[in-house]
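This is the structure I want to talk about, given as structure tokens.
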Amino acid sequence: MTAKPLAIIAGAGPGLGAMLIQRFAAGGYHAVGLRRAADAAAESNVVAVDLSRPADVEASIADLVSHHGAPKGVVHNPSRLVIGPLAHTSLDQFEACWRDMAFSAAVLAHAVLPRMAEAGGGAFLVSGATASLRGGARFSAFASAKFALRGLTQSLAREFQPHSIHVAHIILDGIIDTATSRALHGLAPARMMSPDDIAETFWQTAHQPRSTWSHEIDLRPSSETF
Amino acid sequence: MTAKPLAIIAGAGPGLGAMLIQRFAAGGYHAVGLRRAADAAAESNVVAVDLSRPADVEASIADLVSHHGAPKGVVHNPSRLVIGPLAHTSLDQFEACWRDMAFSAAVLAHAVLPRMAEAGGGAFLVSGATASLRGGARFSAFASAKFALRGLTQSLAREFQPHSIHVAHIILDGIIDTATSRALHGLAPARMMSPDDIAETFWQTAHQPRSTWSHEIDLRPSSETF
Amino acid sequence: MTAKPLAIIAGAGPGLGAMLIQRFAAGGYHAVGLRRAADAAAESNVVAVDLSRPADVEASIADLVSHHGAPKGVVHNPSRLVIGPLAHTSLDQFEACWRDMAFSAAVLAHAVLPRMAEAGGGAFLVSGATASLRGGARFSAFASAKFALRGLTQSLAREFQPHSIHVAHIILDGIIDTATSRALHGLAPARMMSPDDIAETFWQTAHQPRSTWSHEIDLRPSSETF
Amino acid sequence: MTAKPLAIIAGAGPGLGAMLIQRFAAGGYHAVGLRRAADAAAESNVVAVDLSRPADVEASIADLVSHHGAPKGVVHNPSRLVIGPLAHTSLDQFEACWRDMAFSAAVLAHAVLPRMAEAGGGAFLVSGATASLRGGARFSAFASAKFALRGLTQSLAREFQPHSIHVAHIILDGIIDTATSRALHGLAPARMMSPDDIAETFWQTAHQPRSTWSHEIDLRPSSETF
């Protein structure tokens, strides 16, 4: 086993996911990303795994734990954005949205929380969105999945905080500044959320003292109306 | 086509479902229940269909619509209660809970809402629960599914109310008085919710005048703490 | 004492207030409005009283109770709309808004709830607004007062429902169709809420069976975005 | 004028208030507390002022600003806890609770926000409580006042964030560990919130980068059920 505590970032895409790996690594963790096979590049700190496949996730986690011990920090961050009226949102998309964002969190929770509880605790953080709190007109699939994730996260907090695992839901109420979103939205960077600022909030939340644990935190650019 | 408007009660079990059929029938609708094949008895007003199978639901609805026209009232009411700590809640149960309560609502919405919009509107009502608003410690599967259903319902309201379809979410914050729950909970009837009182609220909500549509209503016995 | 049960409508202006008096009267109550002295016309069913003056309210209620017994239905409906940026909202306006909409409800609760509890119960209903749930940019005074009213109403529900008093908060998320609002907003009546439709909801809520009490109901025109 | 930016802690009692002064001072601010005359000790960094008296607050702020410039950080933290059934909560207590916790925030906002906006911005943070979100049975006065404060804070955020003032509401969902609360509640310190941990959250929130401003954060001891 290595001396460094293990951090797992599930949903380790090029924007926020990469920054989360970097922030936990900078803070002294052995930080590993989990990402769907098709995307997995030759990065040494990313494991290719489909987060919606329980047996695969269990195998990946078991392997990581055998080398590094139970994780002390876990972030659930996969995103699948589906926007459109109901008639243009297929039931397959509706299911895929839930599977990638909500079911995958249950899969991850099953794989890590009992191990973390047994090892003495840690932090389990989840990325929410504007649609976690409000189902907008063209967000039937995305909002439903993000609501599902929020309900799950609340239940996990109430079950696992007595076992010293801090469970928190961080609502990202704005557009994350990535190469993709700059191209897509045409917003000035000052109107978007910087991935490293978001990662800093995840880091601080994961390390709140036991006397002041947050369960839900919203983040938005100062320019965002809400 | 019959002269009576069509009402569809999806999730037509022996308690609230049966009462909803009865209430809409008493109000002048041709009221039909949808219920999973295995349970479908020889009742003339119940169609056996697995609500989580899109093709089957579409076929059933198409058949009903061909005889009675687009429905004017639709209720989504299936329930699958799963309670237990995460370790005793399998991922299959987690998925089944979502499939029966949230996915089935998306399936139903796909089958009925475009037809209702084209025919001039109506009401689409959904049964919520205490766990729609709060994820309790032993409710990870149930709360996640009920949150998913609430998020979906909000999106549907915002998309379809401009098309004259009233979409509402009725939160049942208590135990429904049925033969099963009497045996299970040992509560006095006065501490439970009467299925016909609940059905009356669904009826009234479905028929609110256009100047006063509710989106969310909570119901609980007067004796319930909240 | 009269044979009819007493209903009190506090905040009995010409729009919704008058309709509430009419609806409860039509339903068999002896319905009396309370309204600030300056406005009190020569209507036989309106008592002139400043609802923010405890001694005056107590005297008026005591007088009504001596003739009609404890009220069975009470509605709190005064409104004072203040809109504007903070710099244009004086602290006197901020206080007046709270005094007319929140303090007056505490005054009314003090005067009626113990009497109603002793007499066996009844209903105590409160008019909320969009601003009860969301503090908008130009609504610092109004939202703060409406939030205060909502918090009070929740506490009263939890304290008095065990004493058979149904306490509910009805959120009016739209503009009420009155002569004033037609002149002010220039909206078509179909985009506003009809006072008699709203009054009907108050009536139905006050008479929900004990197995299905609502605490919070939202109402809006079908055309209102939310 | 001094070189240090000014921080104002309104409601500077011996527990959290003192820690907030200390934390902002440690971070390089000239930190000043405001506290009701009767309590004001011979502390050099506390100004005696009744926060519910607009003219007095304005005079105190004007004096501070003339020496230190407009504040960069402001915290509203006064508390007046009233618990009891309605019949044991006088209307004077109801009003005092609101005056000390909600009206005082409007007074403070009037005195500081326009000056901060003109000077280029800053942070305005508010202490919430469990009762900011839920009106419990014996909390009619306290919950109503804390709801009022939350509604006001939301409005201020939406009005002043475009003027570069970060407005946030921090919900303290637990008992603060002070000499008084140890005597009163008999809880182990591990079951209470440490004032310096809370102060640290206020500090971090006041200094969030503009790309990730929080509006609402909850804090509770890891042992607290919620």
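Just so it is clear, A, B, C and D label the chains in written order, and each chain counts residues from 1 on its own.
Just so it is clear, a residue touches a chain if its C-beta (ideal position, glycine included) is under 8 Å from a C-beta of that chain, and two chains touch if they have at least 3 such contacts.
Predicted, not measured: the structure shown is a model, and the values here were computed from it.
Between subunit A and subunit C, the least number of touching-chain steps is 2. Comparing the residue numbers each copy contributes, subunit C and subunit D share more than half of them at their mutual interface. The greatest centre-to-centre distance from subunit B, using averaged C-alpha positions, is reached by D. Note on chain placement: the centre of subunit B and the centre of subunit D lie 45 Å apart, centres being C-alpha means.
Averaged C-alpha coordinates put the centre of subunit A at 32 Å from the centre of subunit D. Touching two or more other chains at once are residues 158 of subunit C. Contacting chain pairs in the structure are A-B, A-D, B-C, C-D. Residues 54, 85-87, 91, 94-95, 98, 102-103, 106-107, 109-110, 113-114, 131, 134-141, 143-160 of subunit A are the ones touching subunit B in the complex.
Subunit C makes touch with subunit B in their complex at residues 158, 161-162, 164, 166, 177, 190, 192-194, 197-198, 200-201, 204, 208-223, 225-226.
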